[in-house]
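One structure, as structure tokens, below. Some questions next.
Chain IDs A, B and C follow the sequence of writing; residue 1 opens each chain.
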Amino acid sequence: MNEALTLLSFGDAGWGDEIAHGVLITVSLAICTLPLGLALGFVLALAKKSEDPSLRLAANIYTTIFRGLPELLTLFLVYFGVQIAIQQVLKLIGVDAYIEVNSFVAGMVALALVFSSYASEAFLSAFRGIPQGQYEGGYSLGLSHGKTMRLVVLPQLIRLALPALGNLWLILLKDTSLISVVGLSDLIRQSGIAARVTKEPFLFFGIACLIYLVLAMISSIGLSRIENWSKRGETER
Amino acid sequence: MYIKRLAAAAAIVLAAVGGAQAKDWSKVRIGTEGAYPPFNSLTADGKLVGFDIDIANALCEEMKVECEFVTQDWDGMIPALQAGKFDAVIASMSITEERKQKVDFTNKYYNTPPAIAVPKDSKLKGTTDADLKGVMLGAQSSTTHSNYAEEKLPSADLKLYPTPDEYKLDIANGRIDAVIDDVVVLSDWLKTDDGACCKILGTLVPDPVINGEGAGIAIRKEDGDLKEMFNKAIAAIRANGKYQEINDKYFDFDVYGG
Amino acid sequence: MALWIVAGAALVYYLSLNVVSPFFLKYWPEYVHGFLITLKIVGASLLIGAALSLPIAIARSSKSRILNGVSYAYVYFFRGTPLLAQTFLIYYGAGSFRDALTDIGLWWFFRDATYCVIFAFALNTSAYQAEILRGSIENVPKGQWEGAEALGLSKPVIFFKIILPQALMVALRPYGNEIILMIKGSAIAAIVTIYDIMGETRRAYSRSYDFQAYIWAAVLYLFLVETLRRIWDKFEARLTRHLKR
């Protein structure tokens, strides 16, 4: 037991600081992906309920692709593919430059692609939950289309979509673990290095699992707070 | 869709403005793996050490350029070089025909044969394909050694690992029966505590087509000038004794090979 | 939209051009092999997971505090941590308990990477399946229990003959989603030395440095998932045809 504690301590002898750094990367990756994924997902949801059939089809193809591909494969496609594509384009226009797609950005883009395809479904079903009367009410108060959207529909939309989005956040948190495969020093990778060096894989991967559990618990508490906050209009009734 | 395309166009223009400059080699970025002791590895505080690193530093000094190291997983080494993440790979990469189709190589800077290591209590007798029939053989993926195993030892059951660290873990706990890698890498590992489990079963006769003509420095095909600089520098440190000095720091034999 | 048509046409053109490419000719048998391995792993994990999920689901809805607590912790653990971490924990963790495992005669099982992965995946999916099962069992109206009891049927008979079939009907859709999640998750097996679709892809890529490797993998996975989704939709429509209004 003491030995395990030494291994987990901070400083030179222990792996505590390395793992803490990994947690930081994991969390920041998830947090950076979230706004990107939400925004993309919202735009996709708008496209899916638009009048234009071609736009709807496009959005549906997008969803089918990114919900059907393994997250790991999406990650590789982005990590290797986008880099090659950028380089090809630069070569075509005759520029000798280098744009780096590092593993953090690649991970962010890949996870956002996956997240947005699921989020768009959540938004879409939330849209369906808002009665037509709400729009009409907004218009009859003399609000413009944009204002109706912003002041009347969006607040309700968030409330309706929150439970599903909360689940997606938890999935996102877990999916960040895949990024370790393309070399980002996240929680899993750091635990893996520690496990290899110390020959204590069970200890370190066990710790990694526990940290993910703690992150999930913190998120659940936070999410239920946000949900309560978004429902404050209802409870007062 | 328009916005997307516009944004893409804008990004390209920005990049074009920002990145359009001629190549001068006052600064060279060098890709290495950092998981292949004694050639290149990371210390606990994240510093790169090893034969490759010392050679790289000596070469850069000789060429009078500033060198910056970038670590990269082995699997993605050549794609990353092609994509321009760094300008040269000094990571014990063997010069092979398959790789030459994608990148250029300098002359070799060392050459050592592959070998097979097994647990000390192993009943395996020899290193021929017949001896290794049905044996679980570990190797690092995308290496000449994994290719060698696929071509020359087809009866063995080959398992591929991303870095040597994983196969070391698996042979120590008995999940695999043998590993194939560079003889120097294996002997160096056997000297350490966690290499105590195992011994060298024997070295293999290198196949020039698979194993190539030794380890060289990989360079993008269009950077012929950089390749020439490296070749001159290799010759120079071979001549002025610097190479010998680094060789002796790590090995008690000549790794340059015949 | 125009962008998609162009992209789709480009992809089809690209693929058809490459069907006769040296890459495809050289590696297609490996892809077929990987495809079969993926199917095997996913199939085995799902079946074992289904068998495990039933007792867990029953424990989850039991009145015993201990049973309830243990099964809750089990489900929470496997749903709250990444599959990758679980796979590593079991694969590399088992290695460090080799002596103990040899003593109880289980080492042969954990020695094999495929068994390890199936074991990890099965535990993972059993937690998800247990929740699906529990949710749908609770969804069956109480009156069904009472009605069956009034007919003098024993508890197990009621459960297996009356409640479970109705619960499974409700559970069909989430089950379909779980299968798809498992197919996607199975790509992780490639990281612990298994040559499934992903493993073969990585091997082909690392030998050829040809990006096609990943494109073909994407096509294979999409084909697998889409086919399954369609079959499942048909299957569901058929099983629930008596519920159509």
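Following the convention adopted for this analysis, contacts are C-beta pairs under 8 Å (C-beta built on N, C-alpha and C of every residue); 3 or more make two chains touch, one makes a residue touch a chain.
The structure displayed is predicted, hence computed values, not measured ones.
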item: Distance-maximising chain from chain A - centres being C-alpha averages; value: B
item: Two chains sharing the most C-beta contacts; value: A-C
item: Chain centre separation in whole Å, for chain C relative to chain A (CA means); value: 22
item: Distance from chain B to chain A - Cα centre to Cα centre, in angstrom; value: 35
item: Chain C, residues touching no fewer than two other chains; value: 1, 3, 92, 95-96, 191, 205
item: Sites on chain B at which at least two other chains make contact; value: 1, 79, 82, 169, 172
item: Sites on chain A at which at least two other chains make contact; value: 58, 80, 84, 195, 199, 201
item: Contact set on chain C toward chain B in their complex; value: 1-3, 92, 95-96, 98, 107, 111, 113, 191, 193, 202-203, 205-207, 209
item: Complex contact set, residues of chain A against chain C; value: 52, 54-55, 57-58, 61, 64-65, 68-73, 76-77, 80-81, 84, 170, 174-178, 180-181, 188, 191-192, 195, 199-202, 205-206, 208-209, 212-213, 216-217
item: Footprint of chain C on chain B - complex, ascending; value: 1, 4-5, 75, 78-79, 82, 98, 102, 141-142, 147, 159-162, 169-170, 172-175
item: Complex interface listing, chain B residues touching chain A; value: 1, 12, 15-16, 18-23, 44-45, 72-73, 76, 79, 82-85, 165-166, 168-169, 172, 194
item: In the complex with chain A, residue positions of chain C that touch it; value: 1, 3-4, 8, 76-77, 80-86, 88-89, 92-93, 95-97, 180, 183-188, 190-191, 198, 201, 205, 211, 214, 217-218, 221-222, 225-226
